[in-house]
Amino acid sequence: MAGNSIGREFTVTTFGESHGKVVGVLIDGCPAGLALKETDFQEELDQRIPNNPNIVSPRMEKDTVQFWSGVFNGKTTGAPLTLTVESKETRSSDYEATKTLPRPAHSDYPAHIRYGGFNDYRGGGRFSGRITAAHILAGVVAKKLLAHQNIEVLAYTRTIGPINSQKEFTLTQIKENRKATSTRCPDLADDAKMEAAILSAKEAGDSIGGVIECLTLNVPAGIGEPLFDTLDGDLAKALFSIPAVKGVEFGTGFRAAQMRGSENNDAFRIKDGQVITTTQNAGGIMGGLSNGMPIILRVAIKPTPSITKEQQTVDLATMTNAQLGIKGRHDYCIVPKAVPVVEATVAITLIDHLIRAGKIPKTLRS
Amino acid sequence: MAGNSIGREFTVTTFGESHGKVVGVLIDGCPAGLALKETDFQEELDQRIPNNPNIVSPRMEKDTVQFWSGVFNGKTTGAPLTLTVESKETRSSDYEATKTLPRPAHSDYPAHIRYGGFNDYRGGGRFSGRITAAHILAGVVAKKLLAHQNIEVLAYTRTIGPINSQKEFTLTQIKENRKATSTRCPDLADDAKMEAAILSAKEAGDSIGGVIECLTLNVPAGIGEPLFDTLDGDLAKALFSIPAVKGVEFGTGFRAAQMRGSENNDAFRIKDGQVITTTQNAGGIMGGLSNGMPIILRVAIKPTPSITKEQQTVDLATMTNAQLGIKGRHDYCIVPKAVPVVEATVAITLIDHLIRAGKIPKTLRS
Amino acid sequence: MAGNSIGREFTVTTFGESHGKVVGVLIDGCPAGLALKETDFQEELDQRIPNNPNIVSPRMEKDTVQFWSGVFNGKTTGAPLTLTVESKETRSSDYEATKTLPRPAHSDYPAHIRYGGFNDYRGGGRFSGRITAAHILAGVVAKKLLAHQNIEVLAYTRTIGPINSQKEFTLTQIKENRKATSTRCPDLADDAKMEAAILSAKEAGDSIGGVIECLTLNVPAGIGEPLFDTLDGDLAKALFSIPAVKGVEFGTGFRAAQMRGSENNDAFRIKDGQVITTTQNAGGIMGGLSNGMPIILRVAIKPTPSITKEQQTVDLATMTNAQLGIKGRHDYCIVPKAVPVVEATVAITLIDHLIRAGKIPKTLRS
Amino acid sequence: MAGNSIGREFTVTTFGESHGKVVGVLIDGCPAGLALKETDFQEELDQRIPNNPNIVSPRMEKDTVQFWSGVFNGKTTGAPLTLTVESKETRSSDYEATKTLPRPAHSDYPAHIRYGGFNDYRGGGRFSGRITAAHILAGVVAKKLLAHQNIEVLAYTRTIGPINSQKEFTLTQIKENRKATSTRCPDLADDAKMEAAILSAKEAGDSIGGVIECLTLNVPAGIGEPLFDTLDGDLAKALFSIPAVKGVEFGTGFRAAQMRGSENNDAFRIKDGQVITTTQNAGGIMGGLSNGMPIILRVAIKPTPSITKEQQTVDLATMTNAQLGIKGRHDYCIVPKAVPVVEATVAITLIDHLIRAGKIPKTLRS
């Protein structure tokens, strides 16, 4: 059973359901001495609400964090850190009429089987995108710890539906624009096109997916564990906890399958007394270990399952065919909301591996 | 530390290095009462040697299993099962001359950093493809257990370099041809083209990658654990233990990012009193749980890092730039060899989740 | 790091500090479908307050449970169950004056070293007996699950200081008296003597310890895991989480060391078609596995470290010798309070092993 | 399932059965760079054979270690370390006649239930004392690592049957005599008496138990994890993996239950600029954390279950009462053999906690 925890040293356990009282996280293994205050969480929590309200669900979740344990005199104590966000606006009645009609591409059907019908089905319950608010909470703590090692995690949108922003982004562009644009795409022109693509899906009563890329800077070489706790494997596993993720790739990824070794191998050179690679096809990970270069990964996000268009489903109570038109408030594209969640998830995984590798002290000194 | 184990209930720990005495596996949690004999392993071990010897390394590893513990009177006892294959043909001298020159795209450099130079560098040591022989051993046990539930795992080659075998394969074709063709592609015409593509890379002193697809039949609905031990997340993590894997996707995968919800959502219908989906875009997994339909995943395999062509590297002893021409016996394309490893890895992960879900008894009765 | 979780299948993680907002528990792996309401917890929470207020700390903790996640329509959902009790009466100022003076026999000194001084030192923080309220919460859930298998866990006091209640108690006596007596001793005469012993220590500005025994009925044979996850080993480990425990023994325990095999071995007989043992020297566990007979264990509780008498300590700020007279409200004997905690802890460990052994369904049906 | 592994960072998994080919250990997480050669193991392996052959089983197990993986150029590589001892002298036929007659106080009966009769019953199979040879192997590695921190683990015999050696031993006496005496008691006079007590039990066709004490020096303060991975809890759990252990206590242990706080509390003082305690009643552990003083624990060993005297048992094939006279070669007292096993087990647990606390580097430098 279980399955709600991740990380061996920085162990993140999340709890709460879409329409429950709270969504929260318990972190066991956060080093003592990290300065932490409620306001540290606000910017990241707000990132889940895209700048253009037209492209998201009218269910606005303006979240604020509550601290329950693990902080004393403004610093972490080394004891479990428990954080929640309250769920205020839940219209559970939306879900009563359709509770025996599993929504296509949602977890409703297998969750019903898995839990014998006892699962909280309202809004997807434990499987809802809502619960990724807890990823964000843990990610804020992880990123504060990573900052102690000068490590930066930067996620942004690469594609939404047919719009593929293939340019090479500058670091400045990524840092400045990914939080400023509605779609979290660093290119302003492509952002506008992506916004249009979302609105077009919305008008059609439909939804749309995309690809999120994440760049991580300054991870030292040699982080990760062979054989089964590889850095890429653990990142992939963590990323699949985000609802709607259908694929994960590193560096050239699926493109590597079509390349020759002489093209795909990254040559080593010495630069400023350091070993570097002249290209970044490996995405910063070789043999499951970081190679000291930027870590680059991409995540495929499927179109949001909830659409207004009528769909074919079944009635689990009568085991007969049925039709479903989803009325609840939902998103037309969750890519923009998922960008900070990808960033948080990568941060959580990295800090765990850095602690495992002995790169983060058990107690931080100011 | 650690990292050499995977699985919570069917816990697989592998050991051994490329040029060590043995490569082996210790399985803790195998149910008691499973009939197991040495000959059960031979067909799968032999699958690692493709039918056409021209397309693989001249280092032929004809392996046979040795049992060390956990079997009594021809059946598993419930105690740890320890299995090895011996390593006979190792020409370690090949590696001495270049031991401070990390091979591009191999783990040599980060492993050197990670282990302070104490790692066994011969042939990649613990990071070598050779160690996937232990995946095969564990996979044979896992597949015998899965057979008790009528579950079949079938991996095969989809692409090698530029050759993409996009047809829909019949189940018969997959079952008959994937072991018969040199490249493990179920389509005979594409197999011939793929073979030619490998030989062309070989002639150029180069290497080539590909995509392996894996189809799993008869997994019941509701297998997997939310939130962080999802079935797709755990499969992805396990698959990244195979050297050269750079991406993993389920169902429509990265293609889903370009689709609309109305296209990508799989409609539910009742068929023969069972819930089915009319399309298989989810790849059999929704919300991290199996949905009762076939599980379909694809794995990107990069071109083999070892190539005969000269490459740029560095000398870690002198921290200067250097050139490297790899002389050791190596593969031009590891895709065919990796096919049974993908199959084994999927089987290991599935059996672990089936035991977690209480679907496999702790003691098997004949 | 970490360390705040126990159990592989019924995973209990506790959080909170003595003077924090709450003490709580997150249970991951509770089967779905267990009926659970707030009032189920009250009787057990109240057991931590002995009937005679003179023998305990004036800090009265009348606790009530709050549910945060994992319950829907009055039943567990299979999602993480989060429960807390609020901490109302905390006089943190008691601890400011002495914050650099570690209290002898308390965790203050090693905790200060372990967490670099960042730990919440008020009332022992994370190391306080207060946090065992979370054991009680988890224990209530565990005992409700055990009741589905007809398993009963019954802890009671065997000795307090010099008073050793050595009689063989009847099951009726244990069930009726252990909750009715102030000291949780099933023998009324011994209870009175024990109460007097506590009051005598109180008058002397001193404290007193004791031994708690725990009897578990109806555990089937074959529960436990060789070699390192034995039932006795896991029970012992769990019991050492209770502050003040200094020893754990099973069956004849330390007395066995003085016996001969012919005296200590429990003979097997067939009774009513079942295998039984005619004596219970093994305490129900052989080779780390339950043998189907009652499980009997005993726990040594040291005298409460906090005493009014002046004690020698050191000042960690100045690294000089110092004197300490503890003024905070404290207990003269924690044995009575610890009895329900022992019971809860045994229940938590047993339910975990029963789930591991496949004896508890993943979903309960009414 | 599972259960054959212990330790989070220095993860020890053992395998093999009493009458199998080998007994072995796989250590995952041993730091790289530790010098290790076969002869390092001999002295400890030989310690399992007491000096006086009359007091032990005629089954002499002169073991030598074999290395299978994880060592390269005489040093550990950071990869899994696999070590075995071969089992040469096994007379399995001794067990055939009685295979359905569970031996009283042995694991035979619950193991039969647990594994549905598939367990290797010969000599107790996986539950035999023989498998503690693997503890010894892991202990040698652990003690070599502990020596890097100047930590010493010293176990010795305190009592055998009625002979209780209660004197305070000097460190010299412990170090010189515990390996020299037959019974591993540091006091020569008491050793002779203990030997006589064993021979007296032998003559009576009976067996005898005892108490082993273990002293660990130079563990720094602050090692251990609250709340559930306490140092005392983890030591206790590990010690219960040794067959025949029925109790574990720390410092004053069960005696503490009869003491007052003013007697049992260890006063702090400053000595040579360090915090010390003037008495050692806590046994070096407070609140689950080491306090920097010697760790003192005691383990109760029951009399060996195997005795020559006839005993009452049952026939599991016919479910009828039966008689059993054990003919196999067995020990009259396993205390002397268990002494190095206790030492090894404490060492394994400590090194795991030291690595968890970040006190052992991931890579050792000469």
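A, B, C and D are the chain letters, set down in written order, and residue numbers restart from 1 in every chain.
In the analysis below, contacts are C-beta pairs under 8 Å (C-beta built on N, C-alpha and C of every residue); 3 or more make two chains touch, one makes a residue touch a chain.
Keep in mind that this is a model prediction, so the values were computed, not measured.
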| item | value |
| --- | --- |
| Touching subunit C and also subunit D, the following chains | A, B |
| A-B or A-D, whichever has more C-beta pairs in contact | A-B |
| Chain centre separation (subunit A, subunit D; CA means) in Å | 46 |
| Distance from the mean Cα position of subunit D to that of subunit B, given in whole angstrom | 39 |
| Centre distance in Å when subunit A and subunit B are each reduced to the mean of their C-alpha atoms | 27 |
| Multi-chain contact residues (two or more partners), subunit C | 1-5, 8, 14, 79, 114, 126, 226, 357, 362 |
| Of all residues in subunit D, those that touch subunit C in their complex | 1-6, 12, 14, 102, 104-111, 113-114, 124, 126-127, 131, 159, 161-162, 201, 204, 206-211, 220-230, 232-234, 236-241, 243, 245-254, 256-270, 273, 275, 277-278, 281-283, 286-292, 300-307, 309, 311-314, 316, 319-321, 356-357 |
| Interfacial residue positions of subunit D with respect to subunit A in the complex | 8, 79, 226, 357-358, 361-362 |
| Subunit A-facing residues of subunit C, complex | 1-5, 8-11, 13-17, 20-22, 24, 26, 28-33, 68-70, 72, 75-80, 82, 84, 114-116, 118-120, 125-126, 355, 362-363, 365 |
